[in-house]
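Quick notes on the structure that follows.
The chains carry the letters A, B, C, D, E and F, assigned in the order they are written, with residues numbered from 1 in each.
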Amino acid sequence: MSTFGLIEYQDALPDVRAIYDDIMATRKTDYINNFWKAIAHDPALLRRTWESIKHIMAPGALDSLTKEMIYIAVSVTNNCNYCIASHTASAFAKGMTDAMFKELQAVIGMANETNKLVTGYQVELDERFQPPLHR
Amino acid sequence: MSTFGLIEYQDALPDVRAIYDDIMATRKTDYINNFWKAIAHDPALLRRTWESIKHIMAPGALDSLTKEMIYIAVSVTNNCNYCIASHTASAFAKGMTDAMFKELQAVIGMANETNKLVTGYQVELDERFQPPLHR
Amino acid sequence: MSTFGLIEYQDALPDVRAIYDDIMATRKTDYINNFWKAIAHDPALLRRTWESIKHIMAPGALDSLTKEMIYIAVSVTNNCNYCIASHTASAFAKGMTDAMFKELQAVIGMANETNKLVTGYQVELDERFQPPLHR
Amino acid sequence: MSTFGLIEYQDALPDVRAIYDDIMATRKTDYINNFWKAIAHDPALLRRTWESIKHIMAPGALDSLTKEMIYIAVSVTNNCNYCIASHTASAFAKGMTDAMFKELQAVIGMANETNKLVTGYQVELDERFQPPLHR
Amino acid sequence: MSTFGLIEYQDALPDVRAIYDDIMATRKTDYINNFWKAIAHDPALLRRTWESIKHIMAPGALDSLTKEMIYIAVSVTNNCNYCIASHTASAFAKGMTDAMFKELQAVIGMANETNKLVTGYQVELDERFQPPLHR
Amino acid sequence: MSTFGLIEYQDALPDVRAIYDDIMATRKTDYINNFWKAIAHDPALLRRTWESIKHIMAPGALDSLTKEMIYIAVSVTNNCNYCIASHTASAFAKGMTDAMFKELQAVIGMANETNKLVTGYQVELDERFQPPLHR
């Protein structure tokens, strides 16, 4: 479910169906996640989001699995349960091992802790870390 | 600066100095970040945090650079400026290229957007993503 | 349910019942949301919160529907599922159209993305945007 | 400044310059915010973000000023100082009055408070607010 | 500074001045924080906020210092630097010792870490912790 | 449940079982929360987290109940439902009265509101609150 219910393939208008087709072809699956079926109520948002995701999550300087793990790190920090569940499943499907999952969670936990220690102790930035860091 | 000022090496008690020595030896540097000099007011916290970081950030199933990028993803999502600046510098020092930095930021941005679209549209979790995902 | 269970009208003390009456009269409804029935365990909190909400959400320089949409934007960003569900229902009841809902969500998503791009790229504030902006 | 420094118009490659031109033409200004000059290091991100913003922030079912105020609500909740400063300036430029600013902030503050009261009291969602809310 | 500049005592209208007087009398000080001088542009918000704070932060079942530490825990988690700095100063003024400060920060750090471990591991709530917890 | 399922006592390896024993002995209970059974898939994380929690949450300059309430304040602000439910139960078990619970929630709500008012009004820090605050 979602605010508006989910738009299934057979009920979708042609422009939405074309995006569903591209999602399935790109991901080599016949499954469309509820997320896409929910935002399909706004076909412009669906198209823009899918095209951005397709471009951003494709392998580049970072491989796809690393990108999934970064996605998970954001989703855990934001406490988005849907996103955690779907991207964790996706990361396992892309080859994340149990050992990688555990290290990922340990880093996320530690980063959240030290972020708050820095903030609570009101630590001033070291001069050497001032941007620009790199040119 | 910090709530209590920073504890410099020459002013540190032996147990704090031992941790500073281990930080410098582990990281092959003669520099101690302000973060450590701030939390050194609580030597037990300093020790526990350093030992955890040392263990967690060491290469394992994930390499050190991937771990730094996960740290950055958390820190950006939490809006911790100190953490972003210091871990971004650290990631560049560990070999993050400009192309990797840009892909990292693009994924972080996109994940933050889709986290909120899922939430705002109140999308229900697909049955197939229910944990346990893996055994 | 809630930490303490919900206080129904027939079980409420007179001061709580008076606030329930004012909520129903102001909102022209005979329904009291679980939120009020939960915080009614602290009658001073109930009174203060209701009086603030009543004052703040009344039409003024901004109309009531705009205020509901701002409420939703906060609630989505905070990931508060109860708040999203109840205020989305309330906004539809006040005349939010499907088109307005979709634009609202698109802005929320985009703002969450660009907030993080600014932060991750460590962008310094333009001099012209320094407060005071206006007098 | 930013992680990489800012890309000024005269130093920009043609594809970046074309986007700067479109930003200035669309906004009827000769000023480019630091945000765009920072993310211009990733021309694909610059193009995608600008095209999304241009589309999303244009008047539609919601007017431009309402959209700016929603942007501010997200940015305050996320604590993004750059975003707050630049979008507050932009909202005043688009006709936000002092009275509207004040009501906006009061709603943001109240929503953040009640989001946490709901959460802290662990209030269960009323059956009538379960999605789908609307079809 | 603030969006509108700060309203000093000598420039304040009588209703604002009355609240400033009450703040100073209640707190036994002749100093008004910038926060109050900023929101004084909205006298209704100033009054409502001060009256709520005065009531909520007064000693009750919890003493004032405990309340300040809870305030700090929220502010660190929200990353509100103004709030952290002013409430940390206030807590020290109310008798928080260095040892208390350090334990406070250690708890905040640990809670932020375990919050994310629970979330990332997608741990289901134990039946015995389901609300209502207590009646 | 959790990503990997829960590790029950009878299925645990000796090092995990030893920690479960210490948790039960320290807490004078025969119950292990799902949280520990979930992270037991990573015995190093389990050990480190338990040892830190055991040290940090023990009575010191702050008593255990105050520490639980600080934990709740963080968890509510982070919107971690598992953490709120389990630590609220724990706080009641340690002697939190209904009156204390209500004051705790009122402070959390108020702090979340004023954090955002400060941020939205872009209030500059008073010089007297600049760290270091204390030596």
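Going forward, a residue touches a chain if its C-beta (ideal position, glycine included) is under 8 Å from a C-beta of that chain, and two chains touch if they have at least 3 such contacts.
It should be emphasised that the depicted structure is a prediction, and the values quoted were computed from it without experimental measurement.
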Between chain A and chain B, which partner chains are common? C, D, E, F
Chain whose mean Cα position lies farthest from chain A: E
From the centre of chain D, which other chain's Cα mean sits the farthest off? F
Set A-E beside B-F; more C-beta pairs touch across A-E
Interface check for copies chain B and chain E. Shared numbers divided by all numbers used: above half gives same, below half gives different; which is it? different
Distance-wise, how many Å sit between the C-alpha centres of chain C and chain F, to the nearest whole number? 27
Could you work out how far the Cα centre of chain C sits from that of chain E, in whole Å? 21
Multi-partner residues of chain D (at least 2 other chains): 1-4, 45, 49, 52, 77-81, 85, 88, 98, 101-102, 104-106, 108-110, 112-115, 117, 119, 121-122, 124, 131, 133-134
Touch graph of the chains shown: is it line, ring, star, complete or other? complete
For the complex, give me every residue of chain A touching chain B. 1-4, 31, 33-35, 38-39, 45, 49, 52-53, 56-57, 60-62, 66-67, 69-71, 73-75, 77-78, 80-83, 85-86, 88-89, 92, 97-104, 106-108, 110-115, 117-126, 128-131, 133-134
Where on chain B is chain D touching in the complex? 79, 88, 98, 101-102, 105-106, 109, 122, 124
List the residues on chain A that touch chain E in their complex, please. 72, 76-77, 79, 81, 84-85, 88, 104-105, 108-110, 112-117, 119-122
Note which residues of chain D are touching chain B in the complex, please. 3-4, 41-42, 45, 49, 78-80, 131
Complex interface listing, chain D residues touching chain A: 1-5, 44, 48, 52, 55, 131-135
